[in-house]
Amino acid sequence: MSVYSKFETELAVRPDDIDLYQHVHSTRYLDYVLAARFDQMERCYGMAMQAFAQRGLGWFMASATIHYRRPLGWGDRMVVRTWIESFTESGCRVMFEIDKLPTAKRVCEGHCDYTLVTLATGRATPLPEDVRLRYSI
Amino acid sequence: MSVYSKFETELAVRPDDIDLYQHVHSTRYLDYVLAARFDQMERCYGMAMQAFAQRGLGWFMASATIHYRRPLGWGDRMVVRTWIESFTESGCRVMFEIDKLPTAKRVCEGHCDYTLVTLATGRATPLPEDVRLRYSI
Amino acid sequence: MSVYSKFETELAVRPDDIDLYQHVHSTRYLDYVLAARFDQMERCYGMAMQAFAQRGLGWFMASATIHYRRPLGWGDRMVVRTWIESFTESGCRVMFEIDKLPTAKRVCEGHCDYTLVTLATGRATPLPEDVRLRYSI
Amino acid sequence: MSVYSKFETELAVRPDDIDLYQHVHSTRYLDYVLAARFDQMERCYGMAMQAFAQRGLGWFMASATIHYRRPLGWGDRMVVRTWIESFTESGCRVMFEIDKLPTAKRVCEGHCDYTLVTLATGRATPLPEDVRLRYSI
């Protein structure tokens, strides 16, 4: 059972996402996750990526794992669900699932490990207490 | 004065659209126009790109001209307005404007010339009468 | 110790790969792996993606895992090394490493699981014997 | 007759450039021009994009016009030829042509208007004399 809240963002496939097999290009699904995460950081956690940047902080991706179940195609709509699984000293693991709409059939799922960095140096930095608190919902 | 109807589609910037200057990458604006056009072909003209594909037809871009006024950035929203300016025997000129939301300030404007092609050969083909009629609104 | 050969492809970062942090966007590294793989399928294994397509076959990505070590930036060059780790009945696991040039410092590493599919149905199909042979070098 | 030198960069199509029609996606040709321009700024003019950034300057695209002649596809190679047509007080017009290799058949052609901006403000700034000189070859 997940301790932290799951949040949802609805997105639509753009024509420039389609690849030579007439499906969404495999790497674009991670871009959908990123788009959903940006939306949820602002809308659900109340601390947007820009707020991090203003404090000289950024989130770098440390690793990503994605399992593809069925592809999206032209004009499809989806819901992107993400949630925090766990925190480390300077980062967190974000789980994600993408379901096709309106059928709710699973498109892909996986997780991304993010590290908080000081933008000026690019080096990992411990999560400030207020950030950890705000994201522990 | 434009003879043909203007249609609007609202879109949001995706994080992967942002480039090294922290603005939307210059070529992505044409992808927004394409996305709006796909949406409007289905929703406003009642004949989607897929309907053309099922008849063995596709729209190839013959030329594009874009003038940039002010950039979009992280998390911005926009309205993409497009309309047909004129038809040729086997194509049409589509005008477009992108305005930032909610200010309605102009982001860019321009036009794209499209040619209808037979997908099997890639060659231009005259606009079928029913297509011209459907798109002459 | 790897049983199968490792192959290398040199690539350069394109300006449109750069993201808001002035680094190559996280999902583009998988596109570099794909580009290297296409190159090596033709040049090293002697059976290009097009040869599969002509037989009605395609390779779909079933999963991908990537670990990021250090980012690439503007104008950087890299070597992309890939090799087959193992075969399944209808697919294979491809390992990859990207090193920055000329320092040879590790940029990222990971693996992708590919499934051979019949393009007409999108369903997995057993690896034909001649394909398995050609790729078992 | 062009007053300024024409420079050439060879590039290859990447698999992620291919779109639903199995051709290079229409907006990617402008990305090839940008990639060629970055290469030529460093290699041919001796003043790279990074050198501008270090002086707090950047080149923003003010407009682009492109005419498509024939598409590129999977694994194609090309030569991108660019040259300056004229200067304005704070910018220049860059002409471009992309030819397919090895046939040298024309793929597309057009021009981009660039404005030199102060990165801190995003506002146009007159071309410094040394920049104009270096680029007037």
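The chains carry the letters A, B, C and D, assigned in the order they are written, with residues numbered from 1 in each.
Here is the rule we use: a contact is a pair of C-beta atoms (placed from the backbone, for glycine too) under 8 Å apart; a residue touches a chain by one contact, two chains touch by 3 or more.
It should be emphasised that the depicted structure is a prediction, and the values quoted were computed from it without experimental measurement.
Each chain gets a centre from the mean of its Cα atoms; the one farthest from the centre of chain C is B. The interface with the greater number of C-beta contacts, when B-D is set against A-D, is B-D. If you match contact pairs by residue number, over half of those in A-B turn up again in just one of C-D, B-C or A-C, and that pair is C-D.
Averaged C-alpha coordinates put the centre of chain B at 24 Å from the centre of chain D. Centre-to-centre spacing of chain C and chain D amounts to 29 Å, using the average Cα coordinate of each chain. Here the spacing of chain A and chain D, counted between their Cα centres, is 33 Å.
Residue positions 15-16, 27-28, 31, 34, 74 of chain D are each in touch with at least two other chains. Residue ranges of chain D in contact with chain B, taken from their complex: 21, 26-28, 30-31, 34, 58, 60-68, 71, 110, 119, 122.
Against chain C, in their complex, chain D makes its touches with residues 14-16, 28, 31, 34-35, 38, 42, 48-50, 74-75. Chain C contributes residues 15-16, 18-20, 22, 25, 27, 74 to its touches with chain B in the complex.
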